[in-house]
């Protein structure tokens, strides 16, 4: 409790520092008056201009000293009024703009994080499962067959549509051969060797893939995914359109979210894999196996939860990187979210918007990491007491 | 082999591991039988292969570096070379040495206990929790209903070990393997747990393999005792016969290392000098020869096979209680060293 | 659990079989050298670009042999094709490397000098200095990096220097944090304590005892940091906010990323994407191997 309060105080202090820094930087490095009025701001001869200058100064409190303006701004901000925009005649006000843009970005980032976890958890588990050893899902059981069939269908379909039907047919025959190899693995040594070899190759492939995802800059990934899946394959819509219906819009967000999700999923997968391999060495895993729990259950129910700590820590940190990614991805896919808003605002020197967004992002980041801290105690009962 | 009373029949069972240095033969041609309702003690120093033997029999070591050979029939079913998932929990239960690490720290006791009940006895939630309470009561845990909602870290070591026993018994196995169930516990708790195991066994009528490195623990709680050293079986005998008529020098050495009440503290303790053998490059001949006070020249050349009259088997050319043995020892004491160069301090040997 | 002194080494825990575990000899591996090779190649190409027999990256080779309207696909003339203004992609990509690499390396150099020094000192002297610098780093870290970068670049003219400086400033905090934790750890080591009790000057201890040790984990971070800086520059360029003059990989990708370009001439985008990807991957891989080699935990991605 005491620790939580201390942390909370720290968080508030941190946010104050961030806001102050941004506020000062923008008022000192930039010239608000010029940003509002344009060239007129420098015109101190024309009485009409002077009137405008005075009016603007009064409206935006520019005649007041910096500390006072900061306090004013802060007071308004905590009450939900983020001020008046400099650009586009102040319309809509910053709060209105944020209200319109923020939910979209939140959905995008939420989708991305969810996708990242949805990809990373099965991926991490399957890449660590080898160190548990033992076959408890025989090749004839549906537990083996169903995922295998799904995997084969998906990969074949992918290969066929990306590289043509010849490759598709090759893929399909490959999977049939692999299935046969699994069938005879127990009796025919050559089949066993094939299966082992394939597993080994796949694990090498999986780690190369995750390394590739980590090393692919998000803008390059955006271009590549867009090219392959939207332009060439036509599986996804080319553009986001805010006037479309809800489900269409969600569908339009799929590819952008995937762009944000893939690097994250690779990071999570690597962390999860490392932690899982450590967890799988634990006595209680042996105990779980000895009491007859199935391999799948051992992995998902016994090993997964104690292996999630690094993932959720980085999950919180990654949220910060995601904001940067959202900037790029929203711009590229033409999604009017806070990412595009901040880019526009910076280019138009619309500082109240920038300030508001910086604050929202920083707050969101800090709060999320605070929640992650709480999540530890949910994951591990030992932390609670 | 056709004796219907025999639950587990192991013969010439070996386990090796492929390592960077070569093959580590960790279990070497072990043979024994366990009848239903009986207890076998497996005794040996650390590293003698007790755990590997049992985990491997149970199929829990699934490394592709492991090589298993020989045969092991469990109620007529061959275990070797097959996936043993069907046996886990349901026909063979297992409890481990360290109750602190063997329970899942992030799962409530209840769920850990329900799992085998639901899976092996197809119980629903209610039946499972009722049975779980019975089981916890049976292993002597107070306030069982409350414990179900607790996490392992809220329980003491002894309590956790009881929970582990309850979990292992939940699937109503025919054989329970207890791998040093008390080594990690306080001495006072140890006795309690061992007696509990004994009581439960008589109550349920299952067979038990009790693994320990302490001959004293096995005494009085087992029907038969197998002494292992360097992965090989040194001696196998009905419990009391082992103590009254021990034949193997290693058993004798182990026995003299037991803390005994009849001896004042400072005079006891003849820890066996030397270290256990390297499983990759074991000593030639008898595995124990480098540390054996009876060792003669031929011990380093020929490998003694476990053999003997009736159900008392031992693997030694110069058994303790025979003339051969006595003279071998006397000769070594006279030389001040054995054929392998082991120095003998006369004072230390009883 | 089952360690056996007599075997002259722990063989492998008996527990549930880290199937691949066992004794792994520590080497950097061929992959590391491959990665380093690629980095060296790119750096050499970038440095030597003016003297290499490359086409002028800014010349328009329109319709030399009546090939019609650009962009041209890869051919003997333009190995990697040309862009929509008929400029040679190969030489543009190589020249683009110059800016990307200069930004990457100098940003990291800046971040490491400042952040490394601050971290080293605060980890060693602790106390108030440490508290204050730690808080400043925390503040810096809670800014979304890319927003901060855009902010700075938008407030200043976008020259090579400002971009590199911006990214350098951004790397101060993460580098500082690592340097501080490494310095904290090593400050507790016997050799430092010994030097202290022998009355060595703090500056001497920091330079002679701490620095060499802190440098080891930092070298791995430097490679990873360069990758991050190159990517960040690319991101800025992609938003149209990087260096105004000259081409960078990010800018090249941006030119190729319009729907029309992608449809007609995907190579315009994918040549620089490939170069960027391989370079980033090589830096990441080399950094990762180094990290594993020196067994630096805090650096895990």
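Going in written order, the chains are labelled A, B and C, and every chain counts its residues from 1.
To be clear about the criterion, a contact is a pair of C-beta atoms (placed from the backbone, for glycine too) under 8 Å apart; a residue touches a chain by one contact, two chains touch by 3 or more.
No experiment lies behind these values; they were computed from the predicted model shown.
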Per Cα centroids, the chain farthest from chain C: B
Selected interface, A-B versus A-C, where C-beta contact pairs are more numerous: A-C
Chain nearest the overall Cα centroid: A
Chain centre separation in whole Å, for chain C relative to chain B (CA means): 55
Rounded Å distance, chain A centre to chain C centre (Cα mean): 21
Separation of chain A from chain B, taking each centre as the mean of its C-alpha atoms, in whole Å: 52
Multi-partner residues of chain B (at least 2 other chains): 55, 60, 62-64
Residues of chain C whose C-beta touches two or more other chains: 16-17, 19
Shared-contact residues (touching 2 or more other chains) in chain A: 132-133, 282-283, 286, 289
Sites on chain A touched by chain C in the complex: 13-15, 17-18, 21-22, 25-26, 29-30, 130-133, 211-212, 214-220, 223-224, 226-227, 231, 238, 267, 270-271, 274, 277, 280-283, 285-286, 289, 310, 314, 320-321, 323-324, 327-328, 331-332, 342-343, 346-347, 349, 354, 357-358, 361-362, 365-366
Residue numbers on chain C that touch chain A, as the complex places them: 13, 15-21, 135, 138-139, 142-147, 150-151, 154-156, 227, 231, 234-235, 238-239, 250, 253, 256-257, 259, 262-263, 266, 269-270, 273, 276-277, 280-281, 284-285, 288, 300-301
Chain B-touching residues of chain A, taken from the complex the two chains share: 132-136, 138, 196, 282-284, 286-295, 297, 301-302, 305-306, 379-382, 385
Complex interface listing, chain B residues touching chain A: 55, 58-60, 62-64, 83, 85, 88-90, 93-94, 96, 98, 101-107, 115-116, 119-120, 151, 153-154, 164, 167-168, 170-171
